[in-house]
Structures are given as C-alpha cells and as structure tokens.
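There's a structure below that I have some questions on.
Read from first to last, the chains carry the letters A, B, C, D and E; within each, the first residue is number 1.
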Amino acid sequence: MNSAASPPSAAVPPSILPDPEAELPHPTGALADRDATRQAHEQTVGQRPGTLMVRPDALPPRLFLISYSESFFQEREYFDYPALRAFIQEHPELKHWFDVRGYNNLPLMQQIQEDFRIHPLMMEDVLNDYQRAKVEETEDGLFLVSRMTEFTAQLDIDDDQLSIFTGDNYILSFQDDYEDCLEAVRQRLRSGRSSILRRPPLYLAYALTDVVLDHYYPTMAAIGDYIEKLEERIFTGRSDRRLLNRILHIKKDIVRFRRLVYPEREKIAEILRLPEEVVPEDIKTYFKDCYDHAIQAMDLAESYRESVSSLVDLFLSDQSNRMNEVMKVLTIISSIFIPLSFVVGLYGMNFQREAPDGHINYLNMPELYSPWGYPVLLTILGLIVICQLIYFYRKGWLTNR
Amino acid sequence: MNSAASPPSAAVPPSILPDPEAELPHPTGALADRDATRQAHEQTVGQRPGTLMVRPDALPPRLFLISYSESFFQEREYFDYPALRAFIQEHPELKHWFDVRGYNNLPLMQQIQEDFRIHPLMMEDVLNDYQRAKVEETEDGLFLVSRMTEFTAQLDIDDDQLSIFTGDNYILSFQDDYEDCLEAVRQRLRSGRSSILRRPPLYLAYALTDVVLDHYYPTMAAIGDYIEKLEERIFTGRSDRRLLNRILHIKKDIVRFRRLVYPEREKIAEILRLPEEVVPEDIKTYFKDCYDHAIQAMDLAESYRESVSSLVDLFLSDQSNRMNEVMKVLTIISSIFIPLSFVVGLYGMNFQREAPDGHINYLNMPELYSPWGYPVLLTILGLIVICQLIYFYRKGWLTNR
Amino acid sequence: MNSAASPPSAAVPPSILPDPEAELPHPTGALADRDATRQAHEQTVGQRPGTLMVRPDALPPRLFLISYSESFFQEREYFDYPALRAFIQEHPELKHWFDVRGYNNLPLMQQIQEDFRIHPLMMEDVLNDYQRAKVEETEDGLFLVSRMTEFTAQLDIDDDQLSIFTGDNYILSFQDDYEDCLEAVRQRLRSGRSSILRRPPLYLAYALTDVVLDHYYPTMAAIGDYIEKLEERIFTGRSDRRLLNRILHIKKDIVRFRRLVYPEREKIAEILRLPEEVVPEDIKTYFKDCYDHAIQAMDLAESYRESVSSLVDLFLSDQSNRMNEVMKVLTIISSIFIPLSFVVGLYGMNFQREAPDGHINYLNMPELYSPWGYPVLLTILGLIVICQLIYFYRKGWLTNR
Amino acid sequence: MNSAASPPSAAVPPSILPDPEAELPHPTGALADRDATRQAHEQTVGQRPGTLMVRPDALPPRLFLISYSESFFQEREYFDYPALRAFIQEHPELKHWFDVRGYNNLPLMQQIQEDFRIHPLMMEDVLNDYQRAKVEETEDGLFLVSRMTEFTAQLDIDDDQLSIFTGDNYILSFQDDYEDCLEAVRQRLRSGRSSILRRPPLYLAYALTDVVLDHYYPTMAAIGDYIEKLEERIFTGRSDRRLLNRILHIKKDIVRFRRLVYPEREKIAEILRLPEEVVPEDIKTYFKDCYDHAIQAMDLAESYRESVSSLVDLFLSDQSNRMNEVMKVLTIISSIFIPLSFVVGLYGMNFQREAPDGHINYLNMPELYSPWGYPVLLTILGLIVICQLIYFYRKGWLTNR
Amino acid sequence: MNSAASPPSAAVPPSILPDPEAELPHPTGALADRDATRQAHEQTVGQRPGTLMVRPDALPPRLFLISYSESFFQEREYFDYPALRAFIQEHPELKHWFDVRGYNNLPLMQQIQEDFRIHPLMMEDVLNDYQRAKVEETEDGLFLVSRMTEFTAQLDIDDDQLSIFTGDNYILSFQDDYEDCLEAVRQRLRSGRSSILRRPPLYLAYALTDVVLDHYYPTMAAIGDYIEKLEERIFTGRSDRRLLNRILHIKKDIVRFRRLVYPEREKIAEILRLPEEVVPEDIKTYFKDCYDHAIQAMDLAESYRESVSSLVDLFLSDQSNRMNEVMKVLTIISSIFIPLSFVVGLYGMNFQREAPDGHINYLNMPELYSPWGYPVLLTILGLIVICQLIYFYRKGWLTNR
C-alpha cells in the first residue's frame, strides 16, 4: 500500500524546485494568468454549442481498461477500441474502469460518446479541458470533473482535467496526459485486497476524487517550502528586485490554487445534497471525508496567502531599510568631513599678516604664526571627529541598525 | 462553421492594441468612468417613466429580417417596415429574427413597440441603452438585455446593448451599431445545417446570448496581453510616471468588465429558475452551459484584478528602487571624495614654518617639507579610495543592485 | 415635458463647482462626517419616544396643495391650514397632494399629525430629519422616507429628507426646504396630460420617489467631473499637499452617497415584497424600474470609489516621484562637482618644492611647475564632467524622468 | 422633560476631552485591547458553569426601588434587602423597578437570584460583566444585556454592562456603577406624566434600552470631534510621531465601538422576532424605532472608520512631504554652493607662473594676474547663483511646496 | 475549586514568554505555516480511506479510567486494556470517562475501535490528528473534535486535538499528550460535589468542551501581552528590522488562532441544532453559554488582528521617521558648512594683488589686505551659522521631531 504513497508523478520532488540561491531565470509565467489567456484565445467564438473540437496540441488517445470484481482483476491497454467495447459488453458481471488518456482522435471520441450515451455538451466539456470542477447528473449516473494540480519548476501550477462518467457497472475517465496521479488507486486495485473491488463503481469514482484531493497537499507543501526559502532570503539580505516578482508570482499561484479548490469543495457539497438513489448514504459518508479535506486545502491556501502578504510587507520594509542604510553612510561621512573641510579651508585663506607697508595686522589669522598652531588644530579636528562618532554611536547608527 | 470563428468584428486584432513601446498619448478615458458620467448627464431627470426618447447621436435604424424553418432560409434588409411586418404576418409557419440596428427614428420605434406589444418601460430600457444585463418575462416570452464588449485602442472597454424580445415564432433584437458580434450565429443559420433551424426561437435567443458571452474572452485576452506588456516594461526598466496611469486604467477596465459580467451571470441564473413552461428543460441545459462560461469570465476578471494589484506593487517597489539607486551613486561618490577633499584641504593650510623672527616652527606641517611628502600623500589617498571601494563592494552597492 | 428636464434646482451647474485651478480655500467639511456629528449632538438623549421636537434652525412651514383628477387641476399655496383641510374634506372625489415645506411650527405639525392619523413615532421621524430611506405600512397606506441629494461648492453632499404619507385619495409630503427637486413632477401634473392624473395617489408617490432617484445622477456627475479635474491636476504637476485632502474629501462624499443610496435600494426592494393589496402589481412594475436605477446608482458610486482609490495611488506615487527628482538633481550636481573640487584642492596643497636648504624636491607636485600644467588640468576636468554626463544620460537621469 | 436632555452623567463634556494642542501624555490604553486582556486573565479557567463569582474590584451593592402605577410614584434607596422584597410582595398592584448597583456581596446576589428565580447561567452573566448585548427568554419574561459606553479623557471607551430581567409587574436591573446614564428615564418617571407609568414593565425595559442607545451618540460625537482636531493638527503642520499613535488609538476605539453596537442591533432584531405573547406588537413598534437608531450608530461608526483611514493616509503623506522638504533644502543649498566651491577651489591652486628659471608660463592661470580677475569672478559666481535660483523657482521648490 | 484555576499546564506563565528586551533568536517558525506543511507532507497520498495509521512520533498510549456516579468515584490508570474493558462492562450502573493519551499502539487502537463500535473514518480522524473542530453523530451518541491551544516561547501556537466519543454511560476521549488542560474538570470530579456526577456523560463532554474553550483565553492573553510589548518597543525607539518579523509572526498566529476557533463556534452551533433526543434542551442551555464564549474568543482575535495591523503601520511610519531624522542631520550639517566652506575657499584664492610689473591691482581681493579682514570674516561666518540655526529651529528640525 505504501508504494502508492509516492507514485513517480505524484509530488514535486524538492530537487526540481527552483533554488532561490541559484541565479534563477526570469519566471516564464507572467503575472497575467497565461493559461486563462490561452483558453480565451482558443475558445472558438460563436461555435455551435456541443461541437466537438480537439486542441491541436492534445495527445493521441491511449485506451486502458481495468476490469474487476471481488474475485477477478485484469488490467490491459487496448490499441483497438472495438475489442475493448466488446469485452465490456461481454462481461456485464464485471466492473470496468475505462481510462482514456489523450483526446487527439475526434472520430474515436465521437464513437465513445455515442456508445456511452454522453450528452454532447458534456463531451464538449471533456475535450475543452478548462472546466471548473463540477458534478452533473447523467442518465446513467454522474459526470464529475476534477482538476489535478502540480507545482512546476517554473513556479507555476500545472493543472489537468480529469473527467469521470459513472454507470451501473463501469466508470469512464478522460484525461490528456499519459502520466497521472491516479496510480495509487490502481495499486490498491492490483493488490486485490481493496474494498473498491467489492463496492459499486461510484465508490471507485470517490476513490479517484479523493486521490486528486490528496494531491493538492504536495502542491501546497511545495509552495510552502518555497515561501520559507523566500523569507529566509529576505533575512539573509540577498533580496533583490527580482525577489518581489517571485513573491508576487507565488501569490498568483496561491490565488489560482484557491480558485481551483473552491469549485472542488462546491462539487462535493453538491454530491452530498444529491438524493439517496443517486448517491447512497454509505458512499456519502466517504464524500463527507473528502469535503473535510477540501476545506482543509482551502484553509491552507488562505494561510499561505496571508504568509505571502506578510512577505511583501517584509520585502518593502527591507527595501526601505536598505535606503536607510545608504543614507546613514552618506550622513556619517558627510557630517564628519564637511565640517573638517571647512576648518582646514579656513586656514587655507590668504589673509595677509603683513600689509604692503610692512605694518603687521596681528588680527589676521594669528593662529598660523603660532608655533603650536598645527598640532593644536589637528587635536581639535580629532576631537570633533570623536564627538561626532559618540553622537552617532548613541543614535545607534554605527551598530548594524 | 470555422468561418464563424473569426468574424471581422469579433476579437480585437493585436495590431490595434496600444503598443506600450511606442510613445502612447495620454489615455483618453479618465479614471472616473466617462460612460457612467455621460449616462448621468443624459438621463433626463424627472421625465415621465415610459417616455420614449432617443439619444441624439444614435444611428438611424436599419431593419434586417432572417426568416427560417427547417427547410427554408431567407435573409433580407428591408427599407420599408410595413413590408417587413406584412411578411412576418403572412408567414406564421416560419420563424423570424427581426434585427433592428440603430434607434434614431422615434415614430418607427413606437410603431414596432405597438406591433410587438412591448411594455413602455421595456421599450424605454431598449432605447436608454445603459441597462445592466437582465431578463424579464413578457406576455409573449422573455425580454433579455445583454451587453456586448470590445477593448479599444484607447484602453477602454466599449460596450453596446443587445435587447432581445422572444415570441412564439419570432425574436426581435435591438442594438445601436451596424456592426455586431452576432455574425457567427448568422453564418451558422446560413449554412443551413444549424440546429437553430429546427428549434424554437428561444434557442436562437440562447445562441445570441452565448455568442455575446463568448466575445468576453477576446476582450479579456486583449487585457491579459496588455498586462503582460506592462509587466515586461517594468522589468526592462523603462517604467515612467505614465505607466502607473496605464496600470490604473487597466484596473478600472477590469473592474468595469466585472460589473458588466456579474449581472449577466445573475440573468442566466434567473433564466434557470424560470418555470418549465417559459423555458423548457432542454433549453435550460444549454443556458446552464452559458452559466459556466459566465462564471469562468468572472474568475478571469478576478484573476486579472489580482495581477494588476501585483503590477501596482511592482511599480511602486521599482520606483523606490530607483531612488535607492540614485542615493547609492550619491553616497558612493560623496563618501569617496569628501574625505579626500578634507585631506588635500589640510595640506592647503598656510601654517607658517618660519616665524617672522626667522625661528623655525618644526611642528607646523613638517610633511610639506619632506621630500617624499607628495608621493606618500598620493599613495595614502589611493589606499583610502581602495578601502572604500572594497567596503562598498562588500555591501553590494557596486554591483547592479 | 422637456422643461422638466432641467428644473432650476436640479443639477449642480458646473460653474459653481469648486475650480481646482483656482486657489481653493480649505474645504469646510472635515473628514469626520459633520452632519452625523451634528445629528449626534442634537439628538436629545433620553427624551420620551414619540416626543415631537423641531430643530431650532428649521424653516417656518409653507403649505401647498395640488388637487387633481383626470379632468381637474388646481395648485395653491394656503396660508391657512383649516381652509386647506376643509377643501380636502369637501372634495373626496379629487386626489390631493398636500406638500408641507418647513417644520417650524409645532402646534401646526401636531394638528396635521392628528388630522391625518399619523403614528407619533412616524411624525418624530419626519421632524427629526436624519432618517435613512425606509418604508413602513400605516393604517391608510405607506410611509416613505427618501433622501434628496445635492453636491455643493464646498465639496459636500447636502441631503434633505422627503417624507411621504399615502392615503386613499391623498399623499402628504414633508420637507424642510422651500426649493426642491420635485418641480419636474409638478410640471408633468400641470401639463394636464400626465398619467399621474389618472392613477391612484400611490403612483404619485412612485413618481416622487423616482424623481429623487433621478437626482442622484447629477450629484454623481458633479463628483465624476471633479474626480477628472483632480486626475488632470496630478498629471499637470500642480499637485500639492492640499490635493490629497481634496481627494480624501471626495472619497468621503462617495462613501456617504453610497450610504444614502443603499437604504433607498432596500426600501424599494421592500415595497416590491409588499402584498398585492397594499401595492398593486401594475405599480410594482414601475417600482421595479426604480430598483434598477438604484442599483445603477450604487454601481456608479462603487465605480467612483475605485477611481478615487486610484487617485490616491497616483498622488502618492507622484509625491514619491518628486522626491526622486529632487534627489536626482542633488546627485548629479554633487557627483560632478565633488570630485572636481577634490582635484582642484589637490593642486592647492602647499608641498614645498624647495627645501629650506635650497634643495629641490622634484617629487613634490612637479605638475605645478610644468608650463602646460593648468591647461592640461582643465582638459582633464572637462573630460571628467563629460564622462559623468554620459553616464547620467545613459541612466536616463538627464531626460525628464 | 428637557431636564432629561442633559443629565449630569450623559455626554462627555468637551472640556475633559484630551486637548491635542496640549502635550498629551502617552495614551494609557495600549493598542491591544486591555479590557479584553483583563477579561481573559480574570476568566477563571475550568470553573464550574453557573458558579457565581464577583470581581474583587466590584462595588458593594446599593439597592434602589422605584414603585409606580398610574396614580402612584415612590423612589427609595433600601439598605435592607428583606424590607425591599417585602414591599414588592405586599404591593402586587404596583409596578416595581428594582435597581441593583454594585455586585460585591455574593450572598445577597444569591438571595436575589433565588427570590427572582434567575437561572444560574444568567446570574453568572450578570456578575461576569463582559457579556455582549443579548436577549434571552426567561420563565417570567426577558433577560436583556446592554452595554453603556462613555469616551474617557484617555481616548478610551469605557463600557459598563446593564442587565435587565423583566417580570409581570417588575423589572430588575443590575449594573456595577453608582452613576449611570439612566437618570433621564427616572426623571420622566418622577415627572408623573410619563407614559411609562401606564404601560407594562416591558415598556420600561424598552425605555432603558433606548436611553442606552441614545448615549452612543455623545460617545460618537466625542470621537468625531477628536478626529476633526487630529485632522486640523496634521494641516497646521504640528503632526509628530505620537500623532499616528493617537490616530490608531481612535481607530481601535471605533472598531471596539462597532463591536459593541453590532450585538445590540442583533439583540433588538431578535426581540422583534419574538412571538406576540412575549413582546406585544405595540411595544415592538417602539423597539423597531430602537433598531433604526442602532443601524444609524453602526453607520456612523463605519463612517468614522473611513475618516480615520483617510487620516492615516494624510499622516503618511505628510510624513513623506516633510522628508521631501528636508531634501529640497539640502539639494538647493548643495546645488548652489558645491559648484561655487569648485570654482573658488580652482583659483586656489598653486600652478606657478614663474618657472624657477624665471621663465613665465603664461598659460598657468593667467586669470590670477588679470587686474579685473577677482571682480569678474565674483560676477560669474553671482550669475551662477541667479541661474540656479531661477531653475529652482521654476521647479516650484522655492515656494512653499 | 480554585485549585482548578491554575493547573500546571494551563496558561503560559509570563516568565517563559519571549522577552522582546532580550536579544531574541530568529523565531523558529517560518511565516509559512509549518504545521500545515508538515501535515501536507505526512498525509499519505492515495491511501485507502479509513486506513488506520499512526504518526511515528506519537506517544505510546496510557489508559486512564474515571468511574463515577452520584455516590461513587474512582480514578485509575490501567496498564492492561482488557481489565479496563472488563471493569466498564461489569459496572453499567456507573458512568465512565475512558481517557486514552497517546496513540502509538495500532493494535490497541483497533481493539478500542472495535469494542466501542467506532466508524473507521472517525477513528482515522482521531489518529490523523489535524482535524478541524467538528461534531458528528454516531450510533451511540456524538463524536466531538476540539483543538486545545497553547502559546509557546517561540511565538507559536501549539495545538493538540481532543477527540471525544459519547455513549449512554461513558465518554471516550483521545489525545496525544500526557499533560492536558482538562485537569480542572478532573479536580471538580474528585471534589465529589460537582454536578457532573449527577448528570449524563454528555454533560461531561460539555464540561470538557467548555474547559478547552476557556483555555483559549490565556493563549489570547499571552498574545495580547506580547503585542503590548512590541508596541512599547516601537515607542522606546529600539525597533529594529527583526521587529517587523515578530509583528508579522504574531499576526500569523492570530490568523491561525481564528482559524482554530471558527470551526469550534460552528461545531457548537451545530450541536445546538441537533434534535432534542440527541442533545436534551437543558444541556443545550449550557452549550449556548459555550457559544457565547466562542464568539467572544472570535471577537478578541479580530480585535488583536486590528491591533497588529496598527502595529505594522506604526512600524513602517517609524522606519520612515528614522530616515527622516537621518536626512535632517545630513541636511543641517551640510547646509551650515557647505556655504561656509565656499566662503573660506573664496579667500583661499590666489588672485595677485601685485602684478609682476609691481603695479597694484586694488580690485583683486582687497579684503585680504584689510587689517580687520579676518575678524570681520569670522563674524560674518558666525552670523551665517546663527541665521541658519534660527531657520532650522523654526522649522522644528532641531527639536526632537
């Protein structure tokens, strides 16, 4: 069971986290939400609703089928959709998880839509994979949309859509990535001891929803670690102008994360409100547990948001502090040397002691003619410096801060 | 169908976006919402409710009629309203989309109002075209108000009102612009294969509402692109005082956009709450899809708003940084040269070695008489400079930041 | 009907708006809400509820009566209340609008209260004219409180209370000003063609409520214009310290305006929820229109609030900019001349070439004895200046910003 | 009745308000809410619920009884509780207001609790006098908690608890102060003409609640006056570092006031929702009036909060302005004299005109030998100064701001 | 009973509070919520729901049993679970509080789960002890989760989970700490006079919930004290860069505290909504008291949050003030000495009075040859200094601020 805890694609390994110590390149994502903008551009304006269209960069589909019952387990990749469909039809006594990864085959998608009696608008939601998490009732069961998240090395949150249709003896899932975070559930199925084998497909749908929710935590942990590193960096004094950019970036990520999780919570709350016939009470108990997790994820996002706001305050105060320090150096040096310069300038004046007529003007800078003039002056200059240093020390300007 | 994807009037072509690189003139729109102010001025105070008045700058009306059934399609501009009306009356078996563009003919407007049994207050809402999106029930069907948006080269959001009345076999739409964003729907009708042809006029009303919502995305995309350019500009260091003005302008636009979209969402939610007799369940399914789009548009606006707040933070921090840099230059140069000036001032003093009586004051600046005085002094000055440079280097003031 | 569009008392003529170009005196209103404070002081603590008291600065009452039916119209000022009352009693077939302007006659007020069976608490609300907009049911109809606003030359929002009681064949209105914003409605009545003549007095109450709401727009327009002028002033660089005060003043006004409009919206929403017997459905249709206007006014206030926040940001950034500019001048001049001063100080030193024994110290400042010393030095100084200017130019400190 | 308008303990006389002109000592209250902290410390952790405990600093109780009917009025202080109880029992035909001031006699309190059948938890709420305003139903009537406020000379809001129990023919009130703000109600009773005499005790409870609410206004007026003085002080330029502290203090007070008033509003709303049997409709009419007052107090607090936020903005901008001014003085003086110093330093150089061999280096500072050298130089220096002054004047740095 | 007031583990003794006077080490907790991050890491992703897992750092369980009735009391630690279970089964006439401290024995936990018929998901919540406060109904009674807080010397809020199951004649509590804050309740039981002995186990559950709530106050008091110290430190001018960090840390704590208390309030509100059969009315009365306490704790947290925001404002203003002070020193010294330096530089110029031809240039610096030149100059310099000092004094730059 433990093997499920760290599937290869699950958490962000700390090693690929951007190291704030290294000279990080400009974060690739802009503050404006690139994904959202991309979505906006791609959304074909004015197209007929329910028109199936596939993103040109989508992956070609791979078809996986897990068939199971309490006493049976089989996991296979099919390269031939009719064979897969035939297997499902021939084995109504088994429960099937038909897992479609990649969309880039429109006729196949339409075939699946037809075979599983999926409403065109729902199929459109599957292929146009920027939907918020939601749940809708279908003729055969439920249509669930979840968003799977990952924190990338470029300080961005990658999120993929997982669309699930449940039926009496099957669930049908769509995603546009060959790697996913559902491996843990497959491991539990393979182990042969999972209670999923005994329960209806809706319970598998719950298990998938739960594992998606569980994956929010590594994402948040990665963000939390990054916030800590940023905080440390401000305190070790190596904050630079790019730092604020990174802080604001992480803030954007957290806000985005919250916007991903919030509909997830709403979705589960709606599942809990569905009638007993659609979602039996004992499965609701499990979804209620999910609901607690979703609320905790929201709390965490809220907490990180506060932390990032504090980071911004710290950064700005630090920036102000640096200016203060610069000013102090300037002030100390100027305050010490400008008066001294005046004094030495004073004795650089050319007032003439001897009038042209040889008369001596004893009042004209007699100091210059005193035998002890220079040493006394140096002493006085030294005293001025010492007094000023004492003054600045008392003000605390000479100590670090 | 693809031709519908890029109707001439649809998205804001990037080329007409204000290029922040070019020396952009002062944005024409003020921070105070000009449209709103205009509205406030024009709103004739104390006029009888239901009084029809037309803005003097409204366009003269052009009348278009699209008549269709599953097997029929005809699109015509009429220059003669009675002929149009006659055609509608003579063909009750067809569905009609009567599209009025421009209001500037009060008697005609009153005639239409009478013929289509429109409540005076609703007609007033049509002509006084600053209404929020809303839906109201009429005797024959629904009265729907939508706002169509466009992002202009002057950083403003232009919005026009689209008013739709639905009836048993017609819809009647009003707008005050000859160009619109509904061309995509017309294309679908012209193609002859659209499901609109088979469905009731209410479905056409849905299609129009949907296309208006779809047009929010190019507006947002244009704003998103502009935000990215502003962000880039801050980082390339060419930020100037006008930049903040532009950032705040975009912020105003986003806030305004949100205020446009929010009632749109409310409108659709209200449609979904209408009884089955008014809006059948299968059409509600489509409006529910619209609702998801409206929520996504709100999310996007919210996200951009956050981005713009971050831009303001970045800008202000950058401004502070610049001052910091100015101070550093001042401090470095002053700190190096003011002490040096003191030293050279010191040796410019005129303390006399020889008393008038010929007695030599050996204590009065003997350095000046040393044969190595000058070279030693220059060396000392050089050392002072080197020490200071090392100090500043260690503080990181000599490197970029 | 157009004459109603610009009644003398309606909008704030732009000419009396404080000209931000002129040297505006200190705004008379403080940031703390004076009206509210006055209210707080005057509110007689611990007085018996329902005790009628009149503000000492209230105006003596003037009594106007408009009596009308579909075929009759009479408008008169009465100087004798019993005559007025007699006229109303003798003409139950007419509808009456009894308009009391000014309260400063307590016995008369009590007489009216008794004759029109007004609850003491309501009469107290009429005379203690700082009530929020509200609606209450009475035995005979409704008690409506509205607030009429005006934007004064001292940047303040003046608001007066309009209290309306409706009955079967009359409405009774109270206000403490001889001039009001209801003239437009009177004009419509006088014209003899108004639908008010045909409808019940409640419709007149609606018309009055509507005209009060319509007057919010000129107030907002005046504020909008003022915001634009403030924005312009920041950009033309004539912003001074008082400017922030004005900005914050306008902000206070907007917040206050919002607090005036919000209860107005609530009031209308409550009217819409009243049962059919109290407010018939066809009159509710008109109030619904009012509701839309109230929401628009709220939207506008919200929008101006955002604009003013942006103004504060602009002002503070501008203030920071000015400091930046001051620092730049200081830095440029200091950076250029301090090193030069050092160099010329250097050659002002008195190192002696000739030792007293006549020995020549060739190392002591030989430059001073070179025939080209001075011109070469001047050239070097010039080069230093040029290098620095190039450096500052590249930093962009010499151009405007 | 007017005598009730200014009871000695009612409003804060302006004279004891802290004069911001005088050198105010450090405000005694810290930003952290001292009262709340005190409460937290004193709350005995883990004590049995319903355990009666009295604060050690509470006052010893004084017992007042006002007995009244339409034809009877008697007001007495009893020093003997059994006598008082006997009087109440012997006169069931009278209505009694039993007013307990001070708690510091636990056995007496327990006796009263028993005699008036008070629930232990309610009695605990009476003695542990930091409750929020609330209403609870008891066996005999209502249990009402109000908070009485006063603005002290130390910029703090003092609030005391007034707990009222109503019964069929009595009300029982508790407070921990001999002076209170209820004197106005007593005066009305003493006058013999008050409608309280004719109505049930619940109406007296209303009258007390109302007078407490009325006392919020002088508190707010005192805060409003103080805000005005602070604003004035910023503008007369005598703002110092303590000023921000005072502003933030007042802000804390306002926030605290809002937290006091909000439950008061909730309390009255709950009274309005109580069934007819508990609170008759005609008394609800009066409580509804109270509700309006509570909302107005909330509005006022909200308004002051905004004003204080504006004060903080003004203060910070002013602080920035002062720095700006300091910088300007530095810049002007430095910019003028540093170049001049360079020029005079230039002519202090010792370039030798005469080579030791008697050869004249005509290029070495010929200016020094020109007969007009000095006057020409002085003129040039003067011109430099004039040019700079003109430059600074144009920048507006020489005028005040 | 008083002994319960200060159980050893209850409040944070002031002596262990971080003394802001001492040189406090860097707070160990980062701004990012460490606990939350830890939780996120430990939450085993994809594990089967209901799987019991124990944190490796959990304590081994200790089993305590308090058995009581009105006439019986026994308190024992059992080292043998079966014996304990047997005792409970053999004494159905007694009420039992079975208190499990520490989880680190999975088989034992599973045994307890089975014996007390605990739902696997609830048992998982017990062991995975990062749950929000909540209440759930079980077959036998209620499942209550509370969070116990403590403020540590490292400025962190430590919180532990208390999970309670109630049954007909027992309550079962779990916590992962041998020390707890429930000692006060045990003391009341031991005293033999507590009403808990007479009432059903649910009342004991209430008493435990109440004591947990009561412990929020010392936590808040500790935070309040710390805020006061921070405020004082800003005013005594010893604020340094670390100070902001501490302020933001306390802010984080307060926010976290609020997030702990909020679900507690929700939990109690839900208990109050449970049907009479589950929670009898007389026990609800006590929970209602709890509810008031929870609201007060929220209010307090809200109030502290405001205080901390004010502290941040104060800190930043203070930082700005310091820079202002630095600038003033620089400006005063520069403004005084730079002009003086110019003047003395002037008289250091070498303009020649005697032309080489012996001609006297009387215009070349005649001052230098005047017998009173030097004294007059010194006087003039002194006057300049005096004038400037007067100017600066008037500006208020010489006084403290």
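The criterion applied here is as follows: contacts are C-beta pairs under 8 Å (C-beta built on N, C-alpha and C of every residue); 3 or more make two chains touch, one makes a residue touch a chain.
Since the model is a prediction, treat every value here as computed from it, not as a measurement.
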To the nearest 5 degrees, please report the angle of the rotation taking subunit B's Cα atoms onto subunit C.
70
State, to the nearest whole Å, the distance from the C-alpha centre of subunit B to the C-alpha centre of subunit E.
43
Which residues belonging to subunit E are in contact with no fewer than two other chains?
320, 323, 327, 330, 334, 338, 341, 345, 348-350, 365
If contacts are counted as defined earlier, which sequence of chains do you get going round the ring from subunit A via subunit B?
A, B, C, D, E
Of all residues in subunit B, those that touch subunit A in their complex:
1-2, 4-7, 10-11, 181, 183-185, 187-188, 194-195, 207, 210-211, 214-215, 217-218, 220-221, 224-225, 227-228, 231-232, 235, 285-286, 289, 292, 295-296, 299-300, 302-304, 306-307, 310-311, 313-314, 317-318, 320-321, 323-324, 327-328, 330-331, 334-335, 338-339, 341-342, 345-346, 348-352, 355-356, 359, 361, 363-365, 397, 401
Using the touch definition up top, name the residues of subunit E that touch subunit A in the complex.
26, 30-33, 36-37, 39-41, 43-49, 51, 119, 121, 124-125, 130-132, 134, 240-241, 244-245, 248, 251-252, 255-256, 259, 312, 315-316, 319-320, 322-323, 326-327, 329-330, 333-334, 337-338, 340-341, 344-345, 347-350, 353, 360, 365, 367-375, 377
